[in-house]
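Take a look at the structure set out below.
As written, the chain order gives the labels A, B, C and D, with residue 1 at the start of each chain.
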Amino acid sequence: MPSAFEYNDHHMRGNTFGKLFSLTSFGESHGTAMGVVIDGLPAGLNVSLDDLQRELDRRAPGKIAGTTSRLEDDKAIILSGVFEGVSLGTPVAVIVNNTNQKSTDYDKLKSEHRPGHADKTTIMKYGVRDHRGGGRSSGRETLSRVVAGYFAGLIIPQVKVRAYVSLLGPFEHTEILKDLYLDLSPYSFPDTSKNDEIKKYLEELKSQGESVGGRVRIIVENSPVGLGEPAFDKLKADFAKALLSIGAVVSFSYGLGEEMALMKGSAVSSYENAFGGMEGGISNGEKMLMTITFKPTSTIGDKAKEGRHDPCIIPRAIPVVEAMVKVVLADHYLRQNAYLVK
Amino acid sequence: MPSAFEYNDHHMRGNTFGKLFSLTSFGESHGTAMGVVIDGLPAGLNVSLDDLQRELDRRAPGKIAGTTSRLEDDKAIILSGVFEGVSLGTPVAVIVNNTNQKSTDYDKLKSEHRPGHADKTTIMKYGVRDHRGGGRSSGRETLSRVVAGYFAGLIIPQVKVRAYVSLLGPFEHTEILKDLYLDLSPYSFPDTSKNDEIKKYLEELKSQGESVGGRVRIIVENSPVGLGEPAFDKLKADFAKALLSIGAVVSFSYGLGEEMALMKGSAVSSYENAFGGMEGGISNGEKMLMTITFKPTSTIGDKAKEGRHDPCIIPRAIPVVEAMVKVVLADHYLRQNAYLVK
Amino acid sequence: MPSAFEYNDHHMRGNTFGKLFSLTSFGESHGTAMGVVIDGLPAGLNVSLDDLQRELDRRAPGKIAGTTSRLEDDKAIILSGVFEGVSLGTPVAVIVNNTNQKSTDYDKLKSEHRPGHADKTTIMKYGVRDHRGGGRSSGRETLSRVVAGYFAGLIIPQVKVRAYVSLLGPFEHTEILKDLYLDLSPYSFPDTSKNDEIKKYLEELKSQGESVGGRVRIIVENSPVGLGEPAFDKLKADFAKALLSIGAVVSFSYGLGEEMALMKGSAVSSYENAFGGMEGGISNGEKMLMTITFKPTSTIGDKAKEGRHDPCIIPRAIPVVEAMVKVVLADHYLRQNAYLVK
Amino acid sequence: MPSAFEYNDHHMRGNTFGKLFSLTSFGESHGTAMGVVIDGLPAGLNVSLDDLQRELDRRAPGKIAGTTSRLEDDKAIILSGVFEGVSLGTPVAVIVNNTNQKSTDYDKLKSEHRPGHADKTTIMKYGVRDHRGGGRSSGRETLSRVVAGYFAGLIIPQVKVRAYVSLLGPFEHTEILKDLYLDLSPYSFPDTSKNDEIKKYLEELKSQGESVGGRVRIIVENSPVGLGEPAFDKLKADFAKALLSIGAVVSFSYGLGEEMALMKGSAVSSYENAFGGMEGGISNGEKMLMTITFKPTSTIGDKAKEGRHDPCIIPRAIPVVEAMVKVVLADHYLRQNAYLVK
């Protein structure tokens, strides 16, 4: 165990994701504002603040009794890069103000290290932290990703990216979603006839101070072929990094995934699209299929019964998941485009 | 579907991995040589060509009847960066010559696109490829990683990284390996009393032209705390990318992994080290635990009965897996060290 | 010559400078705000908003009759990365609002391409631009650099960086400045007894709608040794890039500089510190000396007689020059520190 | 002054240049080989080993009495990235073996720190060095740049880059070179009628153990418009870095350059192309013009009278200068191309 002295003056980075289409994220959950700088958006694209706001609003809580949201205040403000509704080709900076900087007695939180949170490791790393909340490790950091995902989508408008809940407590949907344009609100579960049951289940969890994990599937249709690089930047590798960079995600697989551990080569070859649209790490034009696992949120017990805590954050994470996939695809699309020399 | 014309003149990159400790990989499987440039090795470290060669030799095939190896010719040649057995702080270039450039009739391979390989997507991406073999997508590319892993280990000598087979066909070992220094050759399966049975199983598969997938566990002991960055470069995210960048890997999880999809928060909190040594994406000093899935090799049927094809590449991939984990750790160690300003 | 059509949808990047200490700049001169995200500031450093503001205020115009400034409104707002006056190790975002978005008739500027400005090349590059001002190519972009320079200084507090005017019209100071702590305001010319004459000279230029170029010297004392890398990232190369990235700078030299074109080796070797503190691209602990040339501002004629136009922007550029030098030094300091493995 | 202890275990990097077209250089002058990995060469381009070798041969010494060369042995070996004379889109690795590893008594060089060389700063930085020669700081490192320049030229075949000597001792050519295709060998001085006089001058210098500096002009014709980025990666800034990364270069200017220090705005505006083909840091399609200064080589006295030492290295540096300019242009060309989304 390092001494207090060794904790001093440590530092970090890794706030930028993407090479040609990149987002640089900033902001602590209880600081002045969260924000993101998007670099690499081509000039001349139509930008709609309404559409951007709509994506952010999808992060609102699961509308169950007992949860309240500060999200209604999460208004995107575009500081640069857009003029008269058109992208300038310059960096797009977007901020969302933090409105909950109340004069609470935060002092009692100072030495509290919530298990499963980054509180302890943040101190291990930096020797100092903003004890009023999760800081950079807060879920609010994902605002930057949703904003970036909106802009990424402008680069590859023909590509459809859809994430949905395939497992949430007793609710499971094993088939692959066919129609990627269905409205699955508010829980992103394909069988919307279960919505009332899901609501009840979540309310019960909340009343118990309990949380639950789950599984999300991601489908991509109409991706260009040839995206991804043969060595380290395989498309599957960049998807894995993008999705594991979301706090609550604990596993990633694609195509037949973990099932292949038990399969023989002949069995795999009998499947169509066993590799989820990627061969040799490069998109082959077929439908992409990925699966990720979310852990249950770490906040449980009495604290979880309070205010805005959701017993399952997966429904709110869906737009974040879709955004990260879009960012990877837009970045690789520009990378491939760079070398298409005429 | 893009036309043949659209396929022309495409390009790639992504041959570099790591920020402060980086490897740049080059070489096609049937070109003159495979190689790697390692940048970011501190000066003054003792380098042993013997130790390096020993790591490369671990990539030798699983020693079953019917497989032969060109690996005995895989001799590492250090071109730069080392003088009188000591690292200079300059880039370390290492090459391994390709010795199998025989005057075979490769022409029949020209239009052959092996399913599950990168043959088709390589043409989709570049419009041209070296049809004599897998090119950049060949397993031989992983030589670069094993070389880099050796040098990464010099930076973090106190850290122990161990990968082993936890599932291979009917052979499964569910317990977590306790002693990370055990000799598990040649199959890296913890219960070495099964080695003869495994050998027989693999030989049978080969005689059938069949292949099989499996599962590998990775354990890291004695990692420094505070490695990993809170936003995109979470340690778990960089491990996921590093491991998914290995061709045959199809899933990644850490800690309790996929099991958490079905767990409640209270259940998770009852485990010690449920998050495999990482909280908020940052190492907390506890033992790290990761699990990955390998797909069965795509080459099956008569072709798989020939020469050097292994019915299960996992035992040979073990040093590659360990190498990539070491590279991530060494890189993050230097990144953290950079900001430790006195 | 490309057609109008070919101009469409072009794009840019290059808004980030630095590797371990980096700044990402954003904002158009007539957009909502200018801003910068600084990544790589170690945790635990004391941050003073007053000191930061003081640096920004040094960009105020040269206080001559006929120039007015919107700079009094250039108030730095820290959005993230600092808590209770201490750096968190997280990205520091700072914005400065643009307050001059008046409802002027900007339409007449739409097709006006000022010679020597980026107006024409911006359209060549992007096919679209914010015609209300210089956009990204405006001098206001340098706000981001001054902010970053303040934070860079916190990393290397022992290093003294000083820039001053060595040539401005008829005013020349050829000796090397000895005391780097002298107050040379407002013109940064070492012989402050000339300040009244300089003022008069500048007022005369302005009344004529004329502008003038000049020369700036930069001295660095007490730099750590060993900064800079032997191949491409030589310290002199990174200084050159940093300073040439300032719009009006047209030349860079260090040490004896251009004089060496006419010198023999024996003559050079008779000088002490002929290479301005850098040998083989690496700092040797001696005093660093660099010289840069500024072109006269391109705005001349009637337009230059108006409002805030300065006939010589060099005095205002001095803090920008110092900032870029500090950023390079702080970045290389962290880079060197990264490999100092214990 | 740091103590011997503080010198230990230091390190470096910066061996990669370029973003989308990049070269990673490796090799010490007295190690096994010099080499370079070029990443970002599009697929499908015709590659000629003969043309590549011809570029390398231009680095041969100035053919004056008393200089001998090991350059005749500098044969390029392509290890990867090219198949049947066509680029594969994969990394191109090229090595040149070092053939002068004679069993000389190098021990006397161990503690010798040649003034003006990197010997001292290398020890300051790493605490260890290959004392048999200049190591990474040797002029032999520029082999990597000439190789990369050849491949960069394949990307922008329509662009003509030409460097020539405008000042060498008493020989000066002030006019701008009109015909960029003239054969100016072996001294790259436009007035080739002076070649005999130059030869005699250099021989005299050598017999005196003397060296001399000089000036080189660079002209670029037919560059695409819109290259360069408005903030930090201005084209002029990247040219400055590229050229200052050459060991002996001590100044950079473009367009009217240093003359502008003394000019008024109205005078500058009376020139055509005063800004050397770049406005706002972006190419405008006009002829580019840059000027750099070389210092005299540091090796003087008896040592300079020996073997292969050239009293003026500028003629040999000309292909290096042209190569770096081509690399910058090819890189920016691909960067611009990336965002040209259709």
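Going forward, a residue touches a chain if its C-beta (ideal position, glycine included) is under 8 Å from a C-beta of that chain, and two chains touch if they have at least 3 such contacts.
From a predicted model like this one, the values you see are computed outputs, not experimental measurements.
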Mutual neighbours - chains that touch subunit A and subunit B alike: C, D
Centroid comparison with subunit B (C-alpha atoms), farthest chain: C
Euclidean distance of C-alpha centroids - subunit A vs subunit C, Å: 38
Chain centre separation in whole Å, for subunit D relative to subunit C (CA means): 27
Centroid distance [mean C-alpha coordinates] between subunit D and subunit A, Å: 46
Sites on subunit D at which at least two other chains make contact: 9-13, 15-16, 20, 25, 40, 42-43, 89-90, 125, 135-136, 230, 335, 338-341
Arrangement of touching chains [line / ring / star / complete / other]: complete
Interfacial residue positions of subunit C with respect to subunit A in the complex: 8-13, 15-16, 20, 24-28, 31-35, 37, 39-45, 77-81, 83, 86, 88-93, 95, 125-130, 135-136
Residues of subunit B defined as touching subunit C within the complex: 20, 40, 42-43, 89-90, 155, 230, 334-335, 337-341
Complex contact set, residues of subunit B against subunit A: 1-2, 7, 9-17, 25, 115-122, 124-125, 135-137, 141, 167, 205, 210-215, 225-226, 228-234, 236-245, 247, 250-258, 260-269, 274-275, 278-285, 293-300, 304, 335-336, 338-342
